[in-house]
Amino acid sequence: MDLSTFITLLISGLAMGMIYFMAASGLTLVFGLMDILNFGHGLFMALGAYVALTVLNAGAGSSDLAGPGLFLWAGLVAMMAGALAGVLFERLLLKPVYGLHLSQILVTVGGLIVGEELIKMVWGSVQQPLTPPAWLEGSVQLGPVLIESFRLWVVAIGLAVFVALSIVLSRTKLGLVIRAGVEDREMIRALGYPIRRVFILVFAAGSALAALGGMLWGLYQQMVVPQIGAQLNVLVFIVIIMGGLGSTKGALVGALALGLVSNFVGFFSPTLAAFANVALMFLVLMWRPDGLYPLKKS
Amino acid sequence: MLSRLLSHDWPQGGLLRALLVTTAIALLTAPFLGFGATGLNVAAKVLVFILLVASFDLLLGYSGHVSFAHTMFFGVGAYGLALSMKHLGTTVVGMLAGLGGALLVSLVLSVLIGVFSLRVRAIFFAMITLAVAAVFQTFVAQQSWLTGGEDGINFRLPEFLQPSYRLIEGGLLGLDITGRVLSYYLLFVVVLVCFLALLRIVNSPFGRVLQALRENDFRAKAIGYDTLWFRVAASVLSALFATVAGFLLSLWLRYSGPDVSLSFELMVDILLMLVIGGMGTIYGAVLGATLFLLAQSYLRDLLALCFEALEGHAVAVLFDPDRWLFWLGLLFIVSVYTLPMGLVGKLRNKG
Amino acid sequence: MLRLEDVETFIGPYHILHGVSLTLEPGSSLVVLGRNGVGKTTTLRTIMGLWPCGRGRIEFKGRTISGLATEQIAHLGIGYVPENMGIFSSLSVEENMLLAARSLRRSALADSSRLSRIFAAMPALKKFWKTPAGSLSGGQKQMVAVARALIEPRDLLVIDEPTKGLAPAIVESMAQILREIQAEGTALLLVEQNLAFAALLSQRVAVMEGGRVVHQGSMTNLISEQALQDSLLGLAL
């Protein structure tokens, strides 16, 4: 393998990894904080992709709306849609089944199905193209290598998200409350903090990030299909299992590892790529049965 | 006598009994009821899914494990028949060999999964089975040389099961006894036997221990039950019955492919059928499978009517016949909240 | 200030409290004594709303609090130090204190006069200010737990075994600062095994047995009457 191919695969792997991270970060934080596992998380990703599709298509007609502005706008709208869907999901579906893991799994799978059908109702059930806007196409020369600018953008956005999350978690009072709540929910309540409100906020933020991830995934694959929610679900679960349920750092490491491994293995043997994902997960679990950065619950 | 056959697990409640008996009779006489090929198709699928969902009930309803990898065993059974028919010749011996091979593969896989389930937390386990099932599906779809890839395998059955075969010239009670009809009754008999076996299993001491383990793992261990053995046994039994169900489906369709037996959609359908029908009851599988398959075929017609009536209004899209799963999904969610034991549970209490 | 009337608590199928009644006057202190397992911790947790109050009533400052959410109860002016200390191990001592000082920001916390008093009583806290609380010793964690409850003025402090694992010198300082706080008007509800420490702080005792309060009276009485002590089994003196 030459350097050029290596760097291309590296950047692609990082880009995909960043998308997985964005989708996974919310899910893992929600689990760490409230012990809720949302099997319907993929729905927010699918929603993000479709909302972005609508916004980008709507703006494609008028030329003065094209460009970074439209892209930013699509991202924002997708995130808002994700956050809203998240709040609805939490209030309508999850609230009655706190603490009941089996029911949570069932109810959230149900939510995924119903949500997917709703998406099909609104947007149709066939695959649709999602082309990145013109200004995102093209490549950048980095030494001997030609890299697609879109991928670099994705890596940059992913890093920005991670940095923003880290800042919020480590430097704000809200972040403090979240970190403490993840460790000991009872005590944070005994200190007077309305943990439910914090939770809804985190859930909404997580869904918004998932929506952003979905939009970027759709653009990366250059198409959307209603089943992407279910497809991405599996990958996101692998990420948070590897990273350790509840850890954002773990989600980042797991996501990047998954992205890189799939890309590199995929290059050598496309059939092995699917295996590689699961094999990686099992390898990590054998080494660290609770994931790379498990939470220490007090 | 009948009581012993049902392992003393009588379905309780008049309405429930009536429904079950009606369903049983309908299934028994389906070829003679004049529904045509489509109707017989639905009946055959109901049979297969009753067995498949009941096998899943053993795992989810009685042992309390959520596994998304159940379709794997279904697929193994389906491909077992397909491969043996393709490579070993269309004989009964070939069929049995295919079944035997499939059961063996499922045995090994289910032991591995069962042992693994004890090493990780339930939530982890559920997620991991999801990933494993996805990989298995991809693997099967990609190994075209073995499995026919996405297109699957079409095959022939032994002569007497082929549609062109005629057992009785001139028919019986006005019906042509074709290979198709024989296949149907083969399905019926096997499903009936397996269903009764499942009833026997869940009503045995083994079954009761499983339920105790489901309620309180810690306590059961304290009393001295070797959790490992029971968990693995439940996993294995559940897998074996699912394999048989897959074998039967493949027999009916004379086709095996990844969409038909391995998809996530199918896994979700199984969950839907079980939860709506009633977890932990075995009879729930009958109600759930029947309801689901009837909905799949006939709810669409109902929805089509509404759809036409609301033509032009935005809300019409809710009644798009292709979106029947939306309604079933809602029913599923409602069942999780309000019907802990599904329809069976609800009907049991009504006299 | 605080009144429990025939409080019963069920945890799953277990009936832990069979009718606990006690009262606490404003600015006074009460220590709950009893052997392990009689329900002392459960009583405190029920007051804080961490376990639901199955039957009976709990009133605080005239308001019924049984049935309220924990965070609401905390907001009414009750500080809680649980038996397992409730320290956030991954957070630093400073961050633990920040969380407890709801109304203060980081800068204001550093300047707080109450903090200076706490440092005076427990100097180790100043030393470990930026250290993750999880790496402290058991006794130091205990200090952080109590310090958290003291950082802002509260009407009532509910403390579950504050001296467990502490060196005698620290126990002395803790008693000192708790007495000061009490003198300033904070009521104290303590669960303690160490009768000597309890005697330093509380005027009144309640002894529990089998999920009920079987004796309420003054501390001085209990100390002076050997017969009374003997009849209430298993007290460490």
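Note that the chains take the letters A, B and C in the order they are written out, and that residue 1 is the start of every chain.
Please note the rule applied: a contact is a pair of C-beta atoms (placed from the backbone, for glycine too) under 8 Å apart; a residue touches a chain by one contact, two chains touch by 3 or more.
Note that the structure is a prediction, hence the values are computed from the model and not measured.
Asker: Let me spell it out: compute each chain's centre from its C-alpha atoms, then which one is farthest from subunit C's centre?
Answerer: In terms of C-alpha centroids, the chain at the greatest distance from subunit C is B.
Asker: Out of A-B and A-C, which chain pair has the most contact pairs?
Answerer: A-B
Asker: Could you put a whole-Å number on the gap between the CA centroids of subunit B and subunit C?
Answerer: Computed from C-alpha means, the inter-chain centre distance equals 57 Å.
Asker: How many angstrom lie between the centres of subunit A and subunit B, each centre taken as the mean Cα position?
Answerer: Distance between chain centres, rounded to whole Å: 33 Å.
Asker: Let me have the rounded angstrom distance from the C-alpha centre of subunit A over to the C-alpha centre of subunit C, please.
Answerer: Computed value for the inter-centroid distance: 43 Å.
Asker: What residues of subunit A sit close enough to touch subunit B in their complex?
Answerer: Its residues touching subunit B are 37, 39, 93, 96-97, 101-103, 105-107, 109-111, 113-114, 117-118, 120-122, 125, 230, 233-234, 237-238, 241, 245, 271, 274-275, 277-278, 281, 285, 289.
Asker: Considering only the defined contacts, which subunit C positions touch subunit A in the complex?
Answerer: It comes out as residues 48, 50, 69-71, 74-75, 80, 82, 84, 86-91, 95, 98-100, 102, 105, 134, 148.
Asker: Enumerate the contact residues on subunit B facing subunit A in the complex.
Answerer: Against subunit A, the touching part of subunit B is residues 64, 66, 119-120, 122-124, 126-128, 130-132, 134-135, 138-139, 142-143, 264, 268, 271-272, 275, 317-318, 320, 322-323, 325-326, 329-330, 332-333, 336-337.
Asker: Name, in rising order, each residue of subunit A that touches subunit C in their complex.
Answerer: Listed in rising order, the residues of subunit A that touch subunit C are 173, 176-177, 179-180, 183-184, 186-195, 296, 298.
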